[in-house]
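A, B, C, D, E and F are the chain letters, set down in written order, and residue numbers restart from 1 in every chain.
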Amino acid sequence: MSLILTQLQDQIGTITFNYAQRRNILSKALVDEIIQAIDALQKSKARVLILRAEKGAKVWSAGHDVRELPLPGRDPLAYHDPLLTILRTVQSLSMPVIAMIEGGVWGGACDLALSCDILIGARNCSFCMTPAKIGVPYNVTGILHFINIMGVNIAKEMFFTAQPLSSDQARKAGILNHLVEDEQLEEFTYDLAAKITHNSPLSIAVIKEQIRLLASAHPMSPHTFERVQGLRRMVYDSKDYAEGIKAFMEKRSPNFTGE
Amino acid sequence: MSLILTQLQDQIGTITFNYAQRRNILSKALVDEIIQAIDALQKSKARVLILRAEKGAKVWSAGHDVRELPLPGRDPLAYHDPLLTILRTVQSLSMPVIAMIEGGVWGGACDLALSCDILIGARNCSFCMTPAKIGVPYNVTGILHFINIMGVNIAKEMFFTAQPLSSDQARKAGILNHLVEDEQLEEFTYDLAAKITHNSPLSIAVIKEQIRLLASAHPMSPHTFERVQGLRRMVYDSKDYAEGIKAFMEKRSPNFTGE
Amino acid sequence: MSLILTQLQDQIGTITFNYAQRRNILSKALVDEIIQAIDALQKSKARVLILRAEKGAKVWSAGHDVRELPLPGRDPLAYHDPLLTILRTVQSLSMPVIAMIEGGVWGGACDLALSCDILIGARNCSFCMTPAKIGVPYNVTGILHFINIMGVNIAKEMFFTAQPLSSDQARKAGILNHLVEDEQLEEFTYDLAAKITHNSPLSIAVIKEQIRLLASAHPMSPHTFERVQGLRRMVYDSKDYAEGIKAFMEKRSPNFTGE
Amino acid sequence: MSLILTQLQDQIGTITFNYAQRRNILSKALVDEIIQAIDALQKSKARVLILRAEKGAKVWSAGHDVRELPLPGRDPLAYHDPLLTILRTVQSLSMPVIAMIEGGVWGGACDLALSCDILIGARNCSFCMTPAKIGVPYNVTGILHFINIMGVNIAKEMFFTAQPLSSDQARKAGILNHLVEDEQLEEFTYDLAAKITHNSPLSIAVIKEQIRLLASAHPMSPHTFERVQGLRRMVYDSKDYAEGIKAFMEKRSPNFTGE
Amino acid sequence: MSLILTQLQDQIGTITFNYAQRRNILSKALVDEIIQAIDALQKSKARVLILRAEKGAKVWSAGHDVRELPLPGRDPLAYHDPLLTILRTVQSLSMPVIAMIEGGVWGGACDLALSCDILIGARNCSFCMTPAKIGVPYNVTGILHFINIMGVNIAKEMFFTAQPLSSDQARKAGILNHLVEDEQLEEFTYDLAAKITHNSPLSIAVIKEQIRLLASAHPMSPHTFERVQGLRRMVYDSKDYAEGIKAFMEKRSPNFTGE
Amino acid sequence: MSLILTQLQDQIGTITFNYAQRRNILSKALVDEIIQAIDALQKSKARVLILRAEKGAKVWSAGHDVRELPLPGRDPLAYHDPLLTILRTVQSLSMPVIAMIEGGVWGGACDLALSCDILIGARNCSFCMTPAKIGVPYNVTGILHFINIMGVNIAKEMFFTAQPLSSDQARKAGILNHLVEDEQLEEFTYDLAAKITHNSPLSIAVIKEQIRLLASAHPMSPHTFERVQGLRRMVYDSKDYAEGIKAFMEKRSPNFTGE
């Protein structure tokens, strides 16, 4: 049985996460299915894509599949990992992607939601950025997505406290384009999507690409970047990192010492 | 008869769009007059400029004069076109520019309003970004103005849906510095302008220039930029682009096919 | 007697400005004490730092010590000046810094507050950016801090009008992460700080550094930067600059002529 | 009959231009054949590619097919044109490409030769950069290839005088890696290629890509780039441009007026 | 009597330094005359400019007028100083500039020669970069001109040793496009200039501007640049700087202590 | 017994590699000693540093200690590795560093030599860049050092062929500032060093730092850099990489398959 459901109607594609038993975790299997589905929707000339969880979901997606993290001593957020692959796919897709959000959005799933072009949330949605809870050194492009949407001070609070932002806070921080009542979420989202289908897909595709390029146009010198990679490596080589993963697996609080 | 009215009092310059018959469209003629007026105000030592429509206007400005668009196969947003010229003039002007906004702001006029330094809107103002409705590939610096003011996700919604943002949405998205009641718009705006005239014009001019440079400091490699120009050219060479312009002229909805 | 008070409890360090007689002005002496205190807190393994004024303060900090400005003809915001040194110290500190704000924040103290990672304000707090009132050409990295937090149009209003932003405006502009009632300020701030202490300090340190690097990744060409320095020099060589400083010392309004 | 010859021996691929009747001009037809041949060589696991003219050629390649230039009023060096496509193909190819050069290299063919990784020339080779002779505004990435190989002052002389550089001058300017006697050209080139085939193809491919990225890492702001496009457009809209093309077709000297 | 001679023949402009009594030093007076002469040549439609000393000169130019250096504590290489103004004028001029060089080229005059597009030298020419001999902190764009022409290691040797490069070394380092016998210098230079006048001035102007932009496209972050300015300021505030200037005036060797 | 010899005379420091039994390999032990020696020379106010092998050496340095390479699956050129640490130390040192070179310079030792400010070579010196022979993915800043000195095409030949450049080729490629007869190497080098000691050390230090910053000012976007890291990781995870290291240890030719 499939981990997602795909639908296409009136040039609006919909991909529904259907993996509730593991809280729509972004495992390699799920990501592969999404990429295939996106491919098919493109060939069928969809003009907009809605990414959603099953109706009434308590968790939109729980993010990274921690079981798939590489061995200690390896970068947990490398270029070809499933999470980073799906982020780039969504950002580079020529049609707009709308995140229609019910329930919790955790860790890497925040990055997926922020990689969508327009975010529409129900009252019960929330966003929680967890790497500091596990001890993971997040990667540079991922952090840039957060800064570009919410500014540096809100991004820092999310990362440093690892506490959930409520839907209302997310609206005020500019993360959500729209916050709507739970029962109106579907109608509101599909109405907005329909408006997009009437506009020029070529014009939209180029503008989306230009925004993608501008938003990532914060170049650093090679030296700076290599220094950052050196710092990140120290983190994923640390005792705390091993402790963080272990505690997560054992469902207990980690005990961090800074070493 | 002139397309604008110019006034200077207490070192506050005012340029009022006076071209209601064509909804204050940014035609070459109008732009030329604005540039001359700005020139004169500078010589008269104005310290702040207010850009406004006539009192009670339903449309602040309808943006680009579509009749002046170049032939198909030519970039509709080239460096020396009237719209881009007035945007650079406003951004590079050493005195601050306040957009005092009543009524609708459409297309290229959004870019003009966002190029002003401070935006003050009345309840009836609204912002609508229309290139995807006509099939126009918007240009890179223009898109950057939007991102710098409102963040990527709100900018994408404006461009992709081509639907108007209400004054309240514009306030929440950070587009408007202030949203005031219609009858207080004038007084509020001139009070704020007066405060600026008491400060150091030299200090303000340098700070404005530094902000302009920082806000545009998102460099791309030549290769990337040439690729973007290639993409934009595909759009303005497309059938959809011709259809978009034609439909606009015939006041009907376009029928886009993505070709 | 010391100009600050330092405390460390439950891995939360607190530095309290204790220089009310000169409104917690950022004099060289105060800055030196803060830097020493930060050094000591780091050695004692503090995991988060709270920067605050004494309880019930009317002024969080009045910013630059104008008496310490260099002679006319010298850059008043040079790399090794006390203000710029404390800004870099706070930004480069590996632990997060929370600004807990009661009362007015003026001039360079705004830059200090914005250099903190998370800003929590009481109802009576306000922010006022004063260089244009005195005629000072603000520096590039300082201006960038403002843009990164509040966007270009709010930053321009603060700099050009030199008028205070109320706590409510600051919350809406995204400057404050949280606006809380005066009597809850302490509890709210220490609760948030406590959450940070339970997370991985290594992961947080690297993420903070990555955000610092990304936020400053708006490179300009050397030519552009030298031009900006030329413009700033014209300002601090001007008559208006001398008049601004003089008027400030004499507690009267300056009379600016633009020369 | 084919415009090129392709060969693969000992993991060394060779593409020989075979279009002497039009002096190996880089027409769309020729470029398409080269791209197909490269594709086939990659599939056959070639580890190095040699690009050459037929033995004893008087002209290595005469560059652009002027007959294929677009109508006046269109950019003659657009992203998807045949010349720019083959340049990117060669630069992005994961295996090294050696230009083995006999005879004259003209115009766009200089750019092709400089896009190869290693240049080996016979005594009779020469390089002539002709756009200023015809009135063509060369494009930014193309100019960057020249600067990266020979420095700014030699590049300027080539472009401004449009005079040929002899093989000896090319050696001294660092354009040629090696200048060898005519009769030794083949042996020398195939020996050098053979050495490459014994090294790690993965290591070489990544290093080549890194050099490609570093060599193009001279980012400009969007504003600057748009200004450059505006300047280039003025050139290809000019009378001189039409005159240059016309004179070339009529095999006479153009009469430029600067208009 | 004038400090320069100006001539225009066959669209070739010539400016001859005529200030042998002070070794063609780049004083404000000389620079002002050159700028006026360039202006006049542009209006007269010159297509190329030759910059030369009087025939048989022992010194092409001795560079900076040390008597015009600002007081200690001021940047000796500021944006609006005569030397930097003439450098930008030459670089931004739309027609090519050829430096025809007899005799010694010292200090800031090296920067002027390197700012020309094509350098042609006689046997007796030499280049000496003297700031480290006097203790001057050279500026960033100036240093970039050197790197772009001769690479980092030759530039470092010139700056660190402050010893002259002979004409032969200059040819090998790629500084000179051509090294010719003294008696052939004029004919060779005017022949090369004549070739330029037959090509498209529009095409040349745009290519020159693109090279200027690419060559300066080495952006740094604002923080880095402010740090560099801080370092340079320490130098021109130092005892050694005062000693260097004093020794130069007294025509003796300075005694540097590193303080 | 020590792996290096240190000397200080007339403000000229000399560090002589004294580890001939392992061909002056840049092991962690050797690097640590060099860093300590540099530290001591700085405290003793040395004004220039000469880096050399023992007199008459056949190998200046054999580069990386392959035995110290990390386990497969780890980046062999990470920020805190000994080689990269010594490169940064040399580049950031405020006094100039002269590489005085007799004998072969291999692999990472090429990078060390190129990181010196001035290179002076004897007839018997040669340069060989070996990573493609072993299958190592070289790092970005390292590759940039090569490009900055010798241009892209010579750098590519060195990396792709892994063949030695003779002293004469190195001189022509601009790698060596000076090529001198073996018996004159010492005198020539110490004479040049002596000239540096008479100039202003403050001026030299700032100019060196500016060149370092400019030479590395080729920023890339975070996305590009992460892609490069992904590519490099594929290489050091490959079978060929393991084979390359193994063959090197067994002193036989590797058999690369591209997998």
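Note that a contact is a pair of C-beta atoms (placed from the backbone, for glycine too) under 8 Å apart; a residue touches a chain by one contact, two chains touch by 3 or more.
All figures in this text were calculated on a predicted structure; none of them were measured in a lab.
In summary, the pair chain C and chain E forms a contact in which both copies contribute largely the same residue numbers, shared numbers making up over half of all those used. Distance between Cα centroids is largest for the pairing of chain A with E. With centres set at the average Cα position, the gap from chain B to chain C is 33 Å.
Averaging C-alpha coordinates per chain places the centre of chain A 42 Å away from that of chain F. Under the contact definition stated at the top, the residues of chain D that touch 2 or more other chains are 140, 144, 174, 214, 217-220, 222, 231, 234. Residue ranges on chain C touching chain F, taken from their complex, read 214, 217, 219, 222. On chain D, the positions that touch chain B within their shared complex are 73-75, 78-80, 84, 139-141, 144, 216-223, 225-227, 229-231, 233-234. Listing the residues of chain B that touch chain A in their complex gives 131-138, 140, 143-144, 147, 151-157, 159-163, 173-174, 218-220, 224, 228, 231-232, 234-235, 238, 240-241, 244, 253-254, 256, 258. Chain F contributes residues 45, 47, 96, 117-119, 148-150, 174-175, 177, 192, 195-196, 198-211, 213-215, 217-219 to its touches with chain E in the complex.
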